[in-house]
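What follows is chain A paired twice: with chain B in the first complex and chain C in the second.
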Partner chain A sequence: MPDVQALVNDFLIKLKKRKIEGSQATARHTAELLRSVISQQRVPYTNQAAALIDAVRAVGEKLIAANPVELAVGNIVRRVLHIIREEDLSLTTAAIAGLNLSAASDGDDDDDGEQDEHTVLSAAAVAAAARSTLRPPSLQTLLEDIPESAAIPRTSSSGGDSEGKSKSADKSSRTRRLKHDVIEAVNELIQDITSCHEQIAEQAIEHIHQNEVILTLGSSKTVLEFLYAAKEKKRSFRVFVAEGAPRYQGHLLAKELVARGLQTTLITDSAVFAIISRVNMVIVGAHAVMANGGVIAPVGLNMVALAAQKHAVPFVVLAGSHKLCPLYPHNPEVLLNELRSPSELLDFGEFSDCLDFGSGTGSPLLHVVNPAFDYVPPKLVSLFITDTGGHNPSYMYRLIADYYSADDLVVRRRNALGN
Partner chain B sequence: MQLKRKSYNPTESLLGASPPLASPSSRVIGDGEFSEESSVGWFRRSNSAKFASSFSGGFDLTSVKSSETMGFHQVKKPVVAQPKEEKSGASAVVEPQVNKGLSSSSGAKPSKEKTTKAERRALQEAQRAAKAAAKAMTVSEGVSTSKPVKQQPAQKKDAPPPASSIAASDRKGGERSMEKERRKDIPAPRMQFDDRSRVEKAKKRAVVNQSEARNRVELFRHLPQYEHGTQLPDLESKFFQLDPMHPAVYKVGLQYLAGDISGGNARCIAMLQAFQEVIKDYSTPPEKSLTRDLTAKISSFVSFFIECRPFSMSMGNAIRFLKSRIAKLPLTVSESEAKASLCADIDRFINEKIVLADNVIIRHAVTKITDGDVLLTYGSSCVVEMILLYAHELGKRFHVVIVDSHPKLEGQGLLRRLVGKGLRCTYTHINAVSYIMHDVTRVFLGSSSVLSNGTVYSRVGTACVAMVAHAFHVPVLICCEAYKFHERVLLDSICSNELGDPDAISKVPGRMDINFLDDLTNKDNLQLLNLMYDATPSEYVSMIITDYGMIPPTSVPVIVREYGREHLWIQ
Partner chain C sequence: MPPQRKGAAARVSEDTEDLTRHPLQAILLADSFATKFRPITLERPKVLLPLVNVPMIDYTLAWLESAGVEEVFVFCCAHSKQVIEYLEKSEWILQPNFSVVTIESHNSVSAGDALRLIYERNVINGDFILISGDTVSNMSLTQVIQEHKERRKKDSNAVMTMVIKQSKLSPITHQSRLGTDELFLAIDPQTKQLLFYEEKTDNLRGIIPLDNALLGDNPSICLHNDKQDCYIDICSQEVLSLFTDNFDYQHLRRHFVKGLLVDDIMGYKIFTHEIHSSYAARIDNYRSYDTISKDIIQRWTYPFVPDVMFSGNSATHLEREGMYRASEIEQSRSARIGTFTVIGKGTRIGNNSNISNSVIGKGCSIGSNVSITGSYIWDSVTIEDGCDIRHAIICDGVVIKSGAALEPGVVLSFNVVIGQQFIVPSYSKVSLYQQPTVEDSDEELEYADNSSGTVDSSITCTMDTLNREMMSETPASQLGPGGVGHVWSICEGGHEEEWRHSVAPIPADKLAEATQSLEDDLEFLNLDGNALSTSGELKPGRNGTDSEDDDAEDSRDDSIYYEKEVEATFLRAVNENIKVPDVILEMNSLRLSYNMTSADCAGAIFYAMMKQALEIPHATAGELRKNAASIIDAWNNLLKFYSKEIDDQIEVIMKFEEMCLESVKEFSPHFSQILHILYDKDILEEDAILRWADEKKDAEESDKVFVKQSEKLIQWLREASEEED
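Here is the complex of A and B:
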């Protein structure tokens, strides 16, 4: 499948060169790429899910390596893996249920006797395993007393297990159905990613009251839609936009807001502390939300969050579900950050003579630091608004768990070790 | 620049660390003389008021000429006879003068309250007469006997304060009582620019033709906000029509307007030097007194400066110093002597309060820098720059982080100068301050003013840097000369601030791609806010390094109280 390979390479280069801006665009591209990877993937008769998972993982690993700080890539890869597992699971349970039904009604299958019992057990185990991975065990599971430790290992093998069993039944239709279902689900995911703005914006009216003064920094499409949605509902409020040096995306946001008729004031980043005492709410976008409720955000937001905390101003983060990352950050300021070009801060032409100043050791006297992201710790965040509603930072780990399989959280590490 | 050079000579002789520190206190003691004088002035004043009222008919009804003739009368009399004029008072006065301790203030208060408007008027007339007499006397007599010369300063001392207050109130068109003038604890409320009628009045007086900016930010309506760039050509064309304006003042005013001079110290020095020029070229118009006329003149120049750019609080302190010097000028001295003494005063203020103070601050601050430190500074403060350069000269090995912010980007100039001197620097912008703060060991910040509740009023963004440093438990050291301390209090950055050119925001120097707002400047619902200052709460400040030593922010009111006012400025 040369065309998929070409697509993957193309996307890799784009990621490496940071040609794709914004986590939403990255997420959508990743999902579309993985969809074509899945559709092109030739599936063997046995162990289809594993084959798909392997294919997605192989591509996903490369994508993650291409831009490790763009967490949306990893998120989408994990989401797709989760989708495959889920679809496989539901197909298996459905097939087994059908098998059971037929076995019970027919009753003349001689060799089905012990196998039947095994399948029933297996189906229950699979269901329990699926639940126990991320969901709390159901009351039934607790009552039936199926040991979780026994159930979990079966999850990974359950696909192949039941595959082997139902081989005789209707393999051809099942083969098609798994791939079809997965692609359907990925399409839904893409749909979700593209429409997350609207879903977040729908909640705007609940959070913005009349005559509110809102501060934001930099530019975020989610924030723009959010504010505009409130404005459309006839709320009148004022927006302070901090320009967000060194990229000055705030200018862009201010322009958009003005074009949509909102009362907008553009301020410098340095005036944030001066202004925040008169602000009712800070609404910002995020780059990624970590499982502990911390936020990887455009640079400068930690400062804004601290100022907001000092003046007891609510600090609200808008994030689509593709930004929810199941990882816990360690030293995120350094490890989940990237340094951009110094030319955004200093004019090389102007400072060329300074830049090659060498001291005795030969290292230049002048350094320029231009980080792209800030880490906002969870204690500074008042509220997350995602497409599923508002959440506390301390709840994010649970929300995130809904979207991912526990097996995939470590997928990157396992792959990294494997290679 | 000159300031920097001066401070960079290893001027051990200038400092010796202790003299400048000790000097204020020694002066306070030395001020016994001064307080004595002022108290004498008090007694004298009440006397002369009485004296004047008794002769009031003559003074009020007769013309200036008659008072002059009266002056000549006095001259003709033997000088020794002059105290005799104040029959009852003279002897009574001498006594308190001798045995009086420091009851000047307690004694002054009740007598102050007693003076009514009419009395003051009479007093003023009396003083005018006395002054005329004195002038005639100095001309005719020169230095004759020792007794009158001794006596006279004491007597003449009383003239200036009411004169200046009346001059000021004449100018303002408002009624300001002497008491109020004296009680400087409560500064007069500033001009609020959301008051329509007052703004209109101010506009009629204004020299600089200002058109108000459109799209002003609602929160900041009380601050002056004008279209930038329109005044300069207008003012230039007016050069020949403004005859009373001194060229030196005009030049400095234009420099303020164009932004060529910025930074509290530089602006203050430029202003004082312009006034020095004014004083050198000044000649008292006939039938006017130097103290009153010069004060009025300086006040008009000050309002011109304020039209060009609002004053910083430190400059207000400098103006108060100058005015009080003029007011305290003995009437007996000739015009040339008075001018020379004022120029010397100004020189001394610049030297002691700014240059020497910076030297002391540098010595103090350098003790806080150790090898391996990473020092963060924000924007471009000349004191901090001197500290860094001096520490580098001493051979300390440290790293400097310069944090900068749009639109002024003052840090680039500092960066260039420091790198040119061989310091290791890291340059970044204010948004990245929480990224870089992990590595920083000390934060050195300059300040435009330190207010008596410990709030540091400084370049916008300082509060952000101090806040982040506080969050990361990095000590914040504010370097500020004591003449910038002010008894006002501020809680936020909204009530008192200065608005810069809003259009400066939409452009980013060296970044042609940032042009989103080019066509939007006329939109009604877009406002650009370019604040110049912000107020850093005292809780973020670990220490203030000033010429009186290193103090916590809670000690600022103590400095203002103990060393402020006269003690600070009059020595």
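Here is the complex of A and C:
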């Protein structure tokens, strides 16, 4: 246990100090951390799923608080919670045959006070769970079932407990199976996160056509792979890269693109509007995709999106599924933003005389604001390309419903998260 | 720091000494050995004072941790118990790969003592970072350590690398934005070696004495006054032993750095590393406390900003226009919170209150109609209705009763109570403790503050014995009805400093004063026709080293002093009957110390002799002449020693002429006679007199008075020399 605790602390510190950058790296680290949390978690005979969920929640809550702006952490925590619920549900349906027995014993030995209210519902809930596991999750099922889903594993397993020792062998194997299945699924998730670039890049050929001009801003690994994949498939096209002030990551992207043999033009951010009429498609990466289809993206992209809209150029956002956030943005320009150091904009020494608070009113006359992100409203986005395919912004909530269970939207139990 | 480790690994093969990789160590001095933050530091060590609601030491530790330092030795002296207690409770102790070890001492009075103690402990085994616990930075150490190590490999005398940063001085007050004095650095632009370090130049009036050898040994030197010393040093192990070897090294800069720069026997070198985009600054006084707080709020120190939880600080949200708000704040709808304000957890703000540019700590309660501007309010402070607070520091637990007002620059220490309607005058410092009388001038206390080590125990008893007139008043009357606390009187000479170092902006009248004196300086320099500035940005008044006229002015002053010294020496020689060779010896040493030529000497000695002749009582002019003759006779050899050359002799004549014209007019009738005496005594050769006469030929009539007077003598000399021919 102290092992995991140390790992958690280490990761917490890294998140707090902004040492991990990029949502993919953060997502992978989070998933790996949660995997070890799960594998180290001692699972009781009863309520295995609930114990796991509690453990993941406890860690997740801390992780999210450590850097509320990095939404990928919360996404992965919710994904893992969702996985636990799903796996538990499928195990429950597998063991549904023994339900009659357990339902009978439900009434008398519920030591867990909070479960009392659920016991009445349990029969219906189990039936619903059975239904939901039989078909792939859809909008309808999610809306219908989720409120009770948390109750199902508890009731069924606590019921199992009352059976006594005769069934313990069976149960321990089930315990192991749940954990095993969850870890297996988390592994898959990690796999998905690491391979999301390739999966997105596979679709490049459908979107980029011969002799097109593509515009992008800043640097994104996903965009790089996407463009390269199209080039690999013998598409010849030109790329315009806006440099992405103040961090100038566009320079790096241009370098990479040229190294991979793509025809590249580097422009300043302010030249975007001038150049947009020649562009066939804007392809950019994102920091996070919100539930309404809005995008939290590197600063400057809202301007690009507006320019693209003005000239009816498709604005395509590439995002791995770990960037899908089930939250709705409220005041995202402020609350989901990160203000970075002004030293990225200007040299402190040169301006130190403007920042002398010793004279005048004592309040600084020069303010330097360096936001890291822009919010691009959904109406400006033409298409999202995720590892599962292309989606319309208005379809985002649906996609999110497939990945997350509604119970987990709030990881903290009392306060609403973030906003 | 992966690159650095790789570098270390690569060296292992070639360098067996590096076989064992030492963890990167740092020495953190949790005591500034200064009293600038009194009276607050009487009750709490400086490193634990909150800076934007986080103790200063947390900024330093967080930075060290993020910069890859693995072992930190925290040296605690004043209030060591508090520091150790805080660290034990903090999360730093628990962190993996980062160990914080405290070293406690009660009798160290300076940074030098601290380093000597650490040397005795023998815990440092490699390069280390020397820093004090009041430094805020976000710079990366990778590069500077790499540079330091590479220099060390080439030259084992490169013992220290100092981090500097560009920061322009205020053109008016000549102080940096951190409220520190102007700093002059001479740096070799190629090697970045530090050649000269001078902190206080106020008394030099724009003149920096640079050693000639500096220019001789280095082909080029960059002289800066726009650099700020960050007080972050990367030191080699030798530094500790250097401190042990030199017991007089106390202050890191004033003694150690200057000592190394001056001492060319050991040949130790100090190098500089300039940082550009990252931030580093040290809190030295209240002004820098204010400035650095504002820098933090403006996010120059990112990621060490309030909304990032780098230490145990509570979650804070950044809102528009630099407004930081923690959770559980109770704020009235009508309260206005302005830009660049931080409000801590659980604080209550009443109706119509107005807060701007301020930091407010945890659990404060602020009443209605309160106005707070540019102030630093720490935890659990109660401010009742209708108070007006401008540019003040208010410590934990202070209560300000309704209607009170704080004028700019006030510092209220812990648990002080300000009475109703009371107006605290600007720059007052109020504490529950009384002011210790053993207050030397600020200057000395800076490093030789004996009480700082034992302050916790002794301060109360020493102060009970005090009996200042202000103490005799009841404290209540000092701070209005119901007030608790003692107003500290400003120590003598400190008043000047008060506005420089306070949290309040410099008042307009002081600025006007400074501007005026600056203009005077400028005029003075323009008059001299030389206002050349090296960088074009600097104010000419401050770098007048290259001004010839300044030099001339300077040497004029010097020669006056020199003459006085010579006169005094001569007088003593006469009175005490000192033998001529001894007097010559003394004169020589004077000559060398004032860097004078022998001609100056001869002139000065002659002047002194004539003055002496005048002093001896005389009734008639004839007697005066006789006196002069006898003195010249007596000190013949002395004068001769310095007037061997014709030029020297001419100088003597000129001096004499000048005297007769200006200071000692009594001699003017006797000019030719005395000249004759000098000639007779072989002090003056005929060539000298003739050349003097020749030189004067073209002079104005008024200047020729004495030539005419000694016409006869000259005539006679001319004839004599013609005869010889």
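Just so we're on the same page, the second predicted complex is superposed on the first by the 337 of 419 C-alpha atoms of A that agree within 3 Å, B and C clash if a C-alpha of one lies under 4 Å from a C-alpha of the other, contacts with A are read in each partner's own complex, and residues count from 1 in each chain.
Just so we're on the same page, a residue touches a chain if its C-beta (ideal position, glycine included) is under 8 Å from a C-beta of that chain, and two chains touch if they have at least 3 such contacts.
Keep in mind that this is a model prediction, so the values were computed, not measured.
Participant: Between chain B and chain C, point out the one touching more chain A residues.
Facilitator: B
Participant: First (chain B), second (chain C), both or neither: which does A:I267 touch?
Facilitator: It touches chain B, and chain C stays clear.
Participant: Looking at A:N370, would you say it contacts chain B, chain C, both, or neither? Reply first, second, both or neither.
Facilitator: both
Participant: Based on the superposed arrangement, let me know which partner A:D347 touches: chain B (first), chain C (second), both, or neither?
Facilitator: both
Participant: After lining up the shared chain so the two structures overlap, which partner does A:Y328 touch, if you call chain B first and chain C second: first, second, both or neither?
Facilitator: Neither partner.
Participant: May I ask you to decide whether A:Y45 touches chain B, chain C, both, or neither, giving the answer as first, second, both or neither?
Facilitator: After superposing on A, A:Y45 lies clear of both chain B and chain C.
Participant: Which positions of chain A sit in both the chain B and the chain C interface?
Facilitator: The overlap between the chain B and chain C interfaces on chain A comprises residues 344, 347, 350, 357, 359, 367-368, 370.
Participant: Please give the residue numbers of chain B that touch chain A in the complex, ascending.
Facilitator: 217-219, 404-407, 412, 415-416, 419-420, 422-436, 438, 459-461, 463-464, 467-468, 471, 492-494, 497, 505-506, 508-511, 514, 516-517, 520, 523, 525-531, 534-535
Participant: Give the list of chain A residues in touch with chain B in this complex.
Facilitator: Those in contact with chain B are residues 238, 240, 243-246, 248, 251-252, 254-255, 258, 261-275, 277-278, 299-300, 302-303, 306-307, 310, 333, 337, 344-347, 350-351, 354, 357, 359, 365-371, 374.
Participant: For chain A, which residues count as touching chain C in their complex?
Facilitator: So the residues of chain A touching chain C come out as 6, 9-10, 13, 16-19, 65-67, 334-335, 339-344, 347-350, 352-353, 355-364, 367-368, 370.
Participant: For the complex, give me every residue of chain C touching chain A.
Facilitator: 62, 66, 94-96, 138, 165-168, 170-173, 175, 177, 179, 226, 276-279, 287, 290-291, 294-295, 298-303, 308-310, 315, 317-320, 322, 339-340, 356-357, 373-374, 391, 504-506, 511
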